[in-house]
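Shared between the two complexes below is subunit A, which has subunit B as its partner in the first and subunit C in the second.
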Partner chain A sequence: MKSQQKDYAQISKSNYKSYVFETSPKSSHWKNMIWAFLIGGLICVVGQLLIALFIKLGLDKEMSSTLASSVLVALAAITTGIGIYDRLGRFAGAGSTIPITGFSNAIVAPAIEFRSEGLIYGIGAKMFTVAGPVIVNGVSVAVIIALLTALFGG
Partner chain B sequence: MELALALLKAFVVGGLICVIGQLLIDYTHLTNGKILVIFLVAGAILQAFGLYEYLIKFAGAGASVPISGFGYALVKGAVESVKEMGPIGAFVGGLKATAIGISTAIVFGYAVALIFKPRTKEM
Partner chain C sequence: MAYMVNDSYDLPTINYVNCYILDGYSVAGPKERMGKLGEHYDLTVDNDKFGEDTFEKGERKMFATALQGAINKSGVSDSDINAIIGGDLLNQIVSTSFATRGYPIPYLGLYNACGTFVESLVVGAMLVDNYMQHVACVSGSHFSTAERQYRFPLELGVFRSPHSQWTATGAGCTILSNHSAHPCARITKATIGRVVDYGIKDINNMGAAMAPAACDTLLAHLNNTSTKPDDYDLIMTGDLGKLGGYIFGDLTSKKGVVLGDNYMDCGASMYYPEQRTYMGGSGAACSALVFNSMILNQLHNNEIKKMLLIGTGALMSPTTSFQGDSIPSIAHCIQVEYEEELWN
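Coming up: the complex of A and B.
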């Protein structure tokens, strides 16, 4: 430990990254992957169950899929509010961030955290700290791709 | 039986997509926001060549629930409305196709933030 600290006695821009990398606690990659697989898979299973339900209710496949994702988004918002989703995220890792529920969590968590700063600059602005980049990049890429397919006849 | 198979496919494919994300997080130390954008753009680009569609047909929610499915929906919507209304459709279809999800996230996010107080993060 002592020698490790000595190595990084002077933290500069160049060695900061490796310093953080070496001193942050290591978690088992295998364990992380298994949790990500299980939780991510389970969230998709819930989505698939919702799709089956909506199809049974007479909706078409595409609308069922869209609605299923929206229900997951709503559920994630509520479980984030109660504090369950973030607890799940601690061991599920990517299993809870990659599904659309993670997108919802990324909107709701900062909204709650910054509500003391007001409805407009607190909740209204901070909601989009992660969702903003996602929507900005997603829409831009989609418009460019669609224009290219229009040009080249898809 | 058909449902059981659909659920199994959704579980395996959805789980595997999350494992790829976990590998990225563990080995590159990218932040969550960047991971989300990478997956979204990856889904969008795969759909540009019509490839993500196959994954959706095979795995259903296993492909549509991960954020890459959001990128897929954006591109699919935009390309479809280009076919309907010409180049201007590129600016219409993407958000139209994803409007329910985004609106739900905003409205529920707002409501939840008004109802719940921030909690101190227990370690």
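Coming up: the complex of A and C.
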């Protein structure tokens, strides 16, 4: 904690925030990025392998992609349920949040957590507390992009 | 922005005449049992739910168990207790209130976040010093209930900041009395803190938010009692954590008060590094567990004769954080002494 700190003669309310910022341990961006790349990449490789497998089994390409996504979502839901996915997320960060598995985790985790408040006010009301903002903002941005495309995209 | 209050006002220090600590009882969770102080707790549970069907009911049962355990251990009966006071971190302090509903005893619910345990001792000491014979002070926290109220669902894969802390699971209860037949520790003084806000907004860095409050209260206590840190065998803060504890030491030394090896933080001392709590424990359970187990034993074994316990609390709620407000904090200080001579 000491190493990266300037020498402060006085710590007051006015310089406290910068003092705390310099004193607090930082997370290593390089380490985080490498972990995110490895875990995120690994999830994508599994998805790609699944697509290849389904094509080999005789399904068409579009059907194979859809099925691969479904399998990944199911796997993430199961690993969330047995308490593995959150451990992955603690060091993988964006690597486990960004792929479709992260979305599955974001819906299943609150569903498990709020089961104790019942099916309606628990699971029903709280299931989308984490994923909800993503959906709302995602749909809003999609509408804006679609409008812009319709107007200027020709 | 930081709230500019005039801190040239002096905080008063209260003197207690007759406030004896009969005994204490601690109930800790499974992660705490695996931690550094695991063998000191009176009871540790295998499961976060303590045999109940929800975490909230489990926390409640820990409070009830700590309360009954302390009453039994102190050699008094339920009907001797004139009041129960305490609080916890859940909304509407349900854990304490619900645990207390089985007792036909007057009850005061308190809230000062993680500083609630020391707050309850400050108020409890006032009651036994003036009006009552026995008072039970109970407080604690629970990782799984606090996490979902303040942060995210347990199974959500979120990245944890390296300066974050881990809410400790457990409950501790202390029985105070206005008399004691056998030698025991006494609460002799208290300095009630004020709300201090230095403008920290990061809810993952509550140690930094609370350190200025702890510094404010400690300096007032030392000043009012004309003492210095070396005069105490132990100066203990509640849950500043490793980072908060370091900042606290830095803040006091800039004001000319240097803390020595007799300083410790409950939260920072509870876990091993491989338990991945990063900066250590947080929550009302830190001071309640450590004080009611290891520290009370050391006092009663005459290993500590004079100490300060500073309970620290971050007073924000999820709503205020989402609205972008900074974290106001508080710290209360009690002085605990053990003088065997008094009984000779």
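A few remarks follow.
The rule we apply is simple: the second predicted complex is superposed on the first by the 111 of 154 C-alpha atoms of A that agree within 3 Å, B and C clash if a C-alpha of one lies under 4 Å from a C-alpha of the other, contacts with A are read in each partner's own complex, and residues count from 1 in each chain.
One rule holds in what follows: a contact is a pair of C-beta atoms (placed from the backbone, for glycine too) under 8 Å apart; a residue touches a chain by one contact, two chains touch by 3 or more.
Bear in mind the structure is a predicted one, so any value in this text is a computation, not a measurement.
In the superposed pair of complexes, A:Gly83 makes contact with subunit B and with subunit C alike.
Contacts of A:Ala106 after superposition on the shared chain: both subunit B and subunit C are touched. By the document's definition of touching, of the two partners only subunit B reaches A:Ile135; subunit C does not. Of the two partner chains, subunit B is the only one that A:Cys44 touches; subunit C does not reach it.
In the superposition on chain A, A:Gly93 makes contact with both subunit B and subunit C.
Put subunit B and subunit C next to each other and count what each touches on subunit A; the higher total goes to B.
In the superposed pair of complexes, A:Ile11 makes contact with subunit C only, with no contact to subunit B.
Applying the stated touch rule to the two superposed structures, the overlap between the subunit B and subunit C interfaces on subunit A comprises residues 32, 80-81, 83, 86, 93-94, 97, 102, 106, 108, 112-113, 116, 129-130.
Interface residues of subunit A facing subunit B in the complex, by the touch rule stated above, are 21, 29, 32-33, 36-52, 65-70, 72-74, 77-78, 80-83, 86, 93-95, 97-104, 106-108, 111-113, 115-116, 123, 127, 129-131, 133-135, 137-139, 141-143, 145-150, 154.
Across the interface of their complex, subunit C is touched by residues 1, 8-11, 13-14, 16-17, 19-20, 23-27, 32, 80-81, 83, 85-94, 96-97, 102, 105-106, 108-110, 112-114, 116, 129-130 of subunit A. Only residues 2, 4, 53-56, 148, 152-163, 198-200, 205, 208, 212, 242-243, 246-247, 250-251, 254, 276 of subunit C touch subunit A when the two sit together in their complex. Taken together, the subunit B residues at the contact with subunit A in this complex read 3, 6-7, 10-26, 29, 32-33, 35-37, 39-41, 44-45, 47-48, 56, 59-62, 64-71, 73-75, 77-79, 81-83, 86-87, 89-91, 93-95, 97, 100-102, 104-106, 108-119, 121.
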